[in-house]
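Here come two complexes built around subunit A, the first alongside subunit B, the second alongside subunit C.
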Partner chain A sequence: MNSFLTALFSGTAQGAIYALVSLGLVLVWRGAGIVNFAQMGQAMFTTYIASQLIQHNYSYWSAFVIALVSGAVLGALVDLGLMRPLTSRKNSQLLNSQSMRTTIPVIASLGILGVLKALAGILWAGEERGFPSPVAPNAIKIGSTNLAITGFDLFVIGVVFLTLVLTTIFFTKTGMGLAMRASALNPEVTRLSGIKVGSVRTLGWAISGTASSLAGLLVTPRTNLSPNTLDLLLIIGFTAAVVGGLSSLAGSVLGGFILGYVISFVNVYSAPENVFIAILAFLLLALFIRPQGILGSKEVRNV
Partner chain B sequence: MSKVKTHKIIGLRSTLLAIVFFIFIILLSNQFDAYNQSQLTNIATLLIAVFSITLLTGASGQISLGQGAIMAVGGYSSALLVTRLGFSMWISFILAIFISALFGLFLGLAAARLSGPYLAGTTLVMALAIPSIAVRFEGFFSGDVGLSVDYGNPPDWLTNLLGEISIEVWSLYVVLPFTAIALFAVLNLSNTRTGRTWRAVRDNEVAAALAGINIGRTKVIVFVCASGLAGLAGALYGFRGLVAPSVYPTDLSLTLLTAAVIGGLRSIGGAIFGTFAIVFLPDLIEKITKNFAIPENIGTYLPALTIGLLLLITVILNPRGAAGALEHLRHRKRH
Partner chain C sequence: MLEITDLVTEFDSVKALNGITFQAKPGLITTVIGANGAGKSTLLRTISGLERPTTGSIKWFDQELTHKSVEAIVRSGIAQVPEGHAVISQLSVAENIELGGLFRRRIARGDLAIATREVYELFPILYERRNEPAGSLSGGERQMLAISRALVSRPKLLLLDEPSLGLAPLISAQIINIVNQLCRSTGLTVLLVEQNANTALAVADHGILLSLGKVVADLPAKIMIADSSLRAAYLGY
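Now for the complex of A and B:
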């Protein structure tokens, strides 16, 4: 019973982080039609910025905020400096080919990932370092019995819950959120109704950068920080996005939590070595049974 | 538009090119010291894997970030055949091609339903998961320790012919025939009916389907061919000494893709150039930076930074790679 509760709670906390990563991927996918494989590289970079600030005696929270802001800036920069020029170049012979139009941005994002990792290695020496958390990672006690949940788990769940509520409000209640949903659905019509689709797209990259930056801040107290730490998170986030539906924001969050439970139950009831195989099996299963994802809509191929 | 040549001439031309390549590498290795000879063997090995990306991404437009994992399949197949079943090295290489191709068939059946980023992500997950299978089933695959295999000693007739040859040279002699045959095969493929079918699918799936091409089957066939090549490369790569999860990391898959992109995804010459670049560039950078007092951590990451930047610059300025740039220059001269 106790191990079940442990798996459940740690699955919720992990799933919350995966949901953020997956949300970030889906935001960019809906807005730009690109899966950003550099996303967690960006997050790694901003987490290093936060870590440097804390080492120089800034408070945790000011470093936290600066990391989120630099996540947004980095996301916007990737779009403005690289992805937008790359995809708007229609006359290039290579991009005329259907498959290459999706392949080239993938390769570009891998290039960014490589550069960011190498830069982090050069700037911050690349050895693993710890990252602080504002809450003690001990199990919560009531009287003398240890509960299966830690204070840090609660902190993660709280922060992510707050983020998700804010995101939902943004997308359903504000004009900008509406514009983002509209341009994801039909960029041409949105442009004709007077919305700057380009800026909306960049905003999507910025929000995605912030979300993944937050995921980096929340996961590194557990995993430590090195240029490669967050690679695994990207792979899990991608699987979560595919399981939930790459075209659906709600689906991506759902997928994140599902992955969280899958991984934490495999960890508790099976063995940690099985996690990768479980992820691959789960991804293949999802692609065979429901390739558009749980909440995704079926893609229509236009002639 | 594109010239359609007959099979006979193509066969002759690619045979000649493969022989020229073979002789060129042999002559080059004679100029090198032992270290660079082994680097040359690495190039000859990785080149086969890069060819698999040239076929997969360049010719048919499917992207794989998991070719390293398929190399692992080939490596483990051949190593297990040799260590557990006592097969000869040569037969194990041939069987590794078939086993990886079979693996590619299953993968292709799943991948034919996927496109672009889905395929990229799925193959990336695979790149991570497959080496971990070796750790999971430790009893069979020997876990992190891995299986020790090597190219063995050169046979007597060769030492009688050439005199004593070093282990580095022997490794190159083992690998190079396979590379030349792979080059021959890839050269032939790209100019035949099959190659044209693949390109049609790459450029416009709907148009290709209307022209009577079975899209799904074509994609699966490409996957099978590419996996066979990658598996062979993986087997040769492992026989340098060790088949273990650490020999086929996720970064290997990305390195292979980088080589293909830098050289030019659609060009076989580009694949050769790109492979030379990624193998020799780190050595070159080390040679240059040795003269300056550069902190160690910068020296460690400088090759990765250079290769990453090179990849970005290629994608932004010249997505057709070095081969594309060369062709562009030639066209400009002509007009």
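Now for the complex of A and C:
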């Protein structure tokens, strides 16, 4: 019973982080049609910024907020500085073919990932360092019994839950949220409604940057911080996004949590070294049963 | 007044529009007719900024539209209802309508509410189905929704791309009639692209006949509808 609860709680806490990563990936995918491989590089970079600030005696919370803001700025910069000029080039032979138009930005995102890792190496010597958590990582006690959940787990679940609620309100209740959904679904009709689809897309990059920056802040107290720590998170987040159906925001979150449970149950009931096989098997199984993802919709082509 | 002068739009050096010149007078319905591939849709897409012209100019009264962005053109009062009942199927009916007025929600919140009420009065069926996804609507209702989305932006010039395409004759007549009434009662200028020449000419004030990217006739609608040789030569009936 106790190991079941351990798996359940740690799965929820891990799943919450995967959900954030997956959400960030899907936001950019829906808006721009790009799988952003630089996403966790951006998160790594902003977490280093937070870590630097904390070392220079800033409080955890001010570093936390500054990291989130830099996540947004970095995301917007990637779009404005690289993706937009890359995809809007007219009369380029290379960009005339559809396959190159979708491939080039993905390769470019790998380039950004490389640059960010190199920069982190230059600026912070690429050292592995710890990252603090605002709450004690001890198990919560009721009387003298240890519960299977730590204060930090609760903190992670709470922060992610709050983020998801705010994101949902933003997308369903605000005009800007409607503009973002519309731009992703049908850019042409949205432009014909007088909405600047380019700016909306940049906002998508910024929100994605913030979400992944938050994921970085929440995962590093457990894993430590180095230029390569977050690579694994991208793979899991991407799997979650695919399982959830790349085009669905709710699906991406659901996929994140499901993957969290898969990983944590395999960890508890099997062995940690089986986690990767489990992820792969789960991905294949999910794609086999529902190729469009849990909440993804089949692409309908009008002829 | 919409003034199109020597407009050329090319796709891979094929001239879809090959030097188009005509004018659409304010408060009237001007219809652009022609066979498939005559360049009708390209003309509307060039006016609304979705396609870039190689040469020529598009003017709406004193405003030069030729190199403005799509969003800027919409914001200056020119709304296009694209071909194929273009609504966003995954969004609700109400959200599709809201989308049309989103860009002016800060400057004209009060008027937006009025404009929304007006389109619901114009198309009561949309009000009944406002919470359903637009994808569940019939073809005619989708066309009504696409027109409503354009109307809440309070356009002065409405560009309609084949509103009757794929609709039953009765429904398409109903939609064309509503557009006609709108034009007469509000002074809206309408540029109506149609393949169904008879329906369009019946309500229009002026007709422009396109063939292979060129204007081959520019006549009052009444005269064009009576000219059977013109129709036989360019429309095939």
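Please note the rule applied: the second predicted complex is superposed on the first by the 298 of 303 C-alpha atoms of A that agree within 3 Å, B and C clash if a C-alpha of one lies under 4 Å from a C-alpha of the other, contacts with A are read in each partner's own complex, and residues count from 1 in each chain.
By our rule, a residue touches a chain if its C-beta (ideal position, glycine included) is under 8 Å from a C-beta of that chain, and two chains touch if they have at least 3 such contacts.
Fair warning: this is a prediction, and the values are worked out from it, not measured in the lab.
**Student:** Does subunit B (first) or subunit C (second) touch A:N274, or do both, or does neither?
**Tutor:** So A:N274 only meets subunit B here.
**Student:** Between subunit B and subunit C, point out the one touching more subunit A residues.
**Tutor:** Counted on subunit A, the partner with more touching residues turns out to be B.
**Student:** Just checking: does A:V26 make contact with subunit B only, subunit C only, both, or neither of them? Give me first, second, both or neither.
**Tutor:** neither
**Student:** Return first, second, both or neither, reflecting whether A:V156 touches subunit B, subunit C, both chains, or no partner chain.
**Tutor:** neither
**Student:** Given the complex with subunit A, which residues does subunit B contribute to the contact?
**Tutor:** Residues of subunit B touching subunit A: 57, 60-63, 65, 110, 113-118, 120-122, 124-126, 128-130, 132-133, 135-136, 202-206, 250, 254, 257-258, 261, 297-298, 300-302, 304-305, 307-309, 311-312, 315-316, 319-320, 324.
**Student:** Subunit B touches which residues of subunit A in the complex?
**Tutor:** Checking each residue of subunit A against subunit B gives 29, 34-35, 37, 82, 85-86, 92-100, 102-104, 106-108, 110-115, 117-119, 121-122, 125-126, 231-232, 235, 238-239, 242, 246, 271, 273-274, 276-277, 279-280, 283-284, 287-288, 291, 301, 303.
**Student:** Under the stated contact criterion, what part of subunit A meets subunit C in this complex?
**Tutor:** 175, 178-179, 181-182, 185-186, 188-197, 297, 302
**Student:** Inside the complex, what are the residues of subunit C that reach subunit A?
**Tutor:** It comes out as residues 48, 50, 70-71, 74-75, 79-80, 82, 84, 86-88, 90-91, 95, 98-100, 102-105, 149-150, 153.
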